[in-house]
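Chain lettering (A, B, C and D) follows the sequence in which the chains are written, and residue indices restart at 1 in each chain.
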C-alpha cells in the first residue's frame, strides 16, 4: 500500500514482528475454547448427557492446544536464530500465521465430526502445511543471510527436523479418506518421536 | 518439531514467554464477556425479564473474572521469582494455560445451569487443577535451579500457600454432586481466607 | 493464592501490568465487532433490508469503540503519572477492567434494543462506574504515594475531571427509565465538553 | 475524561500506542476465523457438501487475512517514520483502527453473499476508507512535525502510494452495484500493481 520503497532490503523492527506473531499465537490458542460451544437450546435435564458426549470436543481442544503450543515453541526457537527480518519473510510469516489462525476451524469440525473423513483431512492438511512453512521460513532466512552466523547449524537441523511431522500429517490424509480413525492414529507416531526425546533429556 | 536439540538446558527468551502468557491471560479474561450471550430470538418485550433472570450469568462472569485475575496475579508473582525458563517448564506452563483458557466454558455452563451438579463439578475440577499446577510450576522451578537464590524461601511459601485453594475446590466436588449450591458455598471459604489477609495488610 | 507474603508493600513489575491492561483494552475493543452479528438464517434477498435496519448496531459499535478508546487514552495518561503499583491497586485495576470488558455486552443490547430503557440504563451504569473507578485509581495512587511527585497536580486534575462524565452517565439513568432516547441524548453533553477542548487545543 | 491538560503537545509513550495498535491488528486478523462458522444443525451426512460449498468463505478469509496483514505491514512502516505521537494523532489512529476492527464483519457477509452488491460495496468502502486514513495519518504527522527529519521523503511517497489502492476500492463500489463479481475483479488490479513490484525487488 505504501508505494515503491527502495529496492534495498529494509530491516523492519524485529520486536514488533515478534510481538505481533506472539499475539496471534496467543489469540488463536485462546479462541480454541469457543469450539466448546453450549447449544442454545440445551436443557438442564440433558446437560449431563451433553457433557459425556462432548469428550471428542475436549479431545480436539487439548489436541489443538498442544499443536498450536508446539508450533509456538518452534516459532520461538526459530526467531531466536534470526538477527533480522525482511519484507518477503514478513509476508511468508503472515502466510504461515494464516494457517495457524485457521486451526480452531478444523478443530471444531474434528470435535463434532471426528468419525468422518473431511475434518481429519482438513486438519492434517492445515497442520502439515504449517509445518512445511516452518521449514520454508528457516530455509529462506538461511538463503538471505538473516540467520545468525553461529546459529546456521541449528537452523539447518530445525529445517530438517520439521519434515518428519509434515510427512506424518500428509501421510494421514489418504489414510483418513479410507478410515478417519486410522488417520488420527497415524498422528500418534509423533508422540512416539516425542517420548524418547523426553526420556533422553532426563538423565 | 525442530528436531533433536542439544541435551543441555536451553534458556529460551524469558520475556517472550511472559508476554505470551500475559496475552493468553488477557484474552481468556476478556472472552468471559462472550458467556453473556443475547439470545438471537429475544424480543424487546422479553428483554427486562431476560436481564433479571440473567443474574446467575453476571455472577458467573464476575466470579471467573476474579478467579482468572487472581491466577494472573499469582502467575505474575511466580514469574518474578524465576531467573530462567527451560523447555519442560515451558510445556508445563502450556498445560497450565490450557486449563486457564478452558475457564470460560464451565463459566458459561455455571451461568446457565448453576443449579445442576455438572457445571459446579467441572468448574471446581478445572480451577483446582490449575491451582495445583501453579504449585507444580514452582516446585519444578525450585528443583531445576531456575528460581532466584534470594527468592527460594518465598517460592516455597507460594507452593505451600496454593494447596489450600486447590483442596477447597476439590472438596467442593463431592459436595456439589450431592447439592450444587452447597458446592458453590464451599468456595466462599476462600473469601474467609482472603479477608483476614486484607485486614492484616492494612495497619 | 500464593500464601501470606510480607506485609510491606511489594512493587510488582510495572511493565507487565501495563501490558496486560493494554491487552485487555485491545481485545475488548476488538470484540465489539462480534456485536455485529449476521443472523444464521439470513437470506440473500433480505440482506439489503437487514443492513439498512442495522444502523443502530453500527451506531452502537462506533459509540463503544469511542468509549473504550477514550478510556484507554485516559488509562494511558493515568499510568504515565505512576512510578509504581501495589497489590491493592492491582486488584482495583482488575475491578475496573471487569467493567471495561463488560462493555461489548450492553453494546450489543443497545444495538438491538436501543428503543428500550434497560440497555441504556445498563450501558450508562457500566460506563459511569468505570469512569468513577478511574478517579478512584488516581486517588488511591495519590494516597499511597505511588504517583510521581512532579505529577501530583496533574493527577488531582484528572481525578476531578473524570467526575463530570461519570455524573452525566448516572444522570442519564433516570432519564432513560422515562425515555430511552432522551437518556442517550444526555450523553451528547460529553461531546459539547469535548468539542470546545478540541478548538482550544488548535490555535 | 482527564480534564484540561496543558495546551502544549504532550508526547504520550510511543511504545504503548504501538503495542496497543499491534494488539488490535493481531486480534482483528485472528477473529477472521470466526467468520468460518459451522452451522449448529449441520449433520455428518451434509458435512462434505457444506465444506465444498464453503469455498467463498475460505476465499473471504484468506482475502481479509491478506488485507489486514497488508495494512499491518503498512502501519508498521508508517510508525517507523515517526519520532512521536500527540493526542489528535492518537484519536485519528483509533478512528483508523475502528475500520480495521470492522473488517471481519463485511468479510463474513462477503463469504456468505459474495454474489450480492451490498457486501462488496461495504467491504470496498471500509477498506478504501482505511487506506485513505493511512494517508491522512502520514500527512498529519508531517504537518505537525512528528515525522523523523530524515524520513520526510519516504513519508511523502507513502502518503501518495496509498492513494492508488484507495481509488481502486472506491471505483469498485459503483461497479459492484451493477455487478458484484465485476466489483471484486476490480480489486485484482491491486495484484497487478503488486506483482511487478515483487519482480523488481528480486534482481
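Here is the rule we go by: a residue touches a chain if its C-beta (ideal position, glycine included) is under 8 Å from a C-beta of that chain, and two chains touch if they have at least 3 such contacts.
In this text the structure is predicted, and so the values were computed from the model without any measurement.
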Farthest chain (mean CA position) relative to chain B: D
Type of chain B:chain C copy interface by residue overlap (half), same or different: different
Approximate Å spacing (C-alpha centroids) for the pair chain A, chain C: 36
Centroid spacing, where centroids are CA-atom means, of chain A and chain D in whole angstrom: 25
Sites on chain A at which at least two other chains make contact: 19, 23, 27, 31, 34, 40
Pairwise touch network: line, ring, star, complete, or other: ring
Every chain pair in contact, whichever chains are involved: A-B, A-D, B-C, C-D
Chain A contact footprint on chain B (complex, rising order): 1-5, 7, 12-13, 16-17, 19-20, 23-24, 27-28, 31, 34, 37, 39-40, 87-88, 90-91, 94, 97-98, 101-102, 104-105, 108-109, 112-113, 115-116, 118-119, 122
Interfacial residue positions of chain D with respect to chain A in the complex: 18-19, 22-23, 25-27, 29-34, 36, 38, 40, 42, 44, 47-48, 51, 61-62, 65-66, 69-74, 76-78, 80, 131, 134, 154, 157-158, 160-162, 165, 197, 200-201, 203
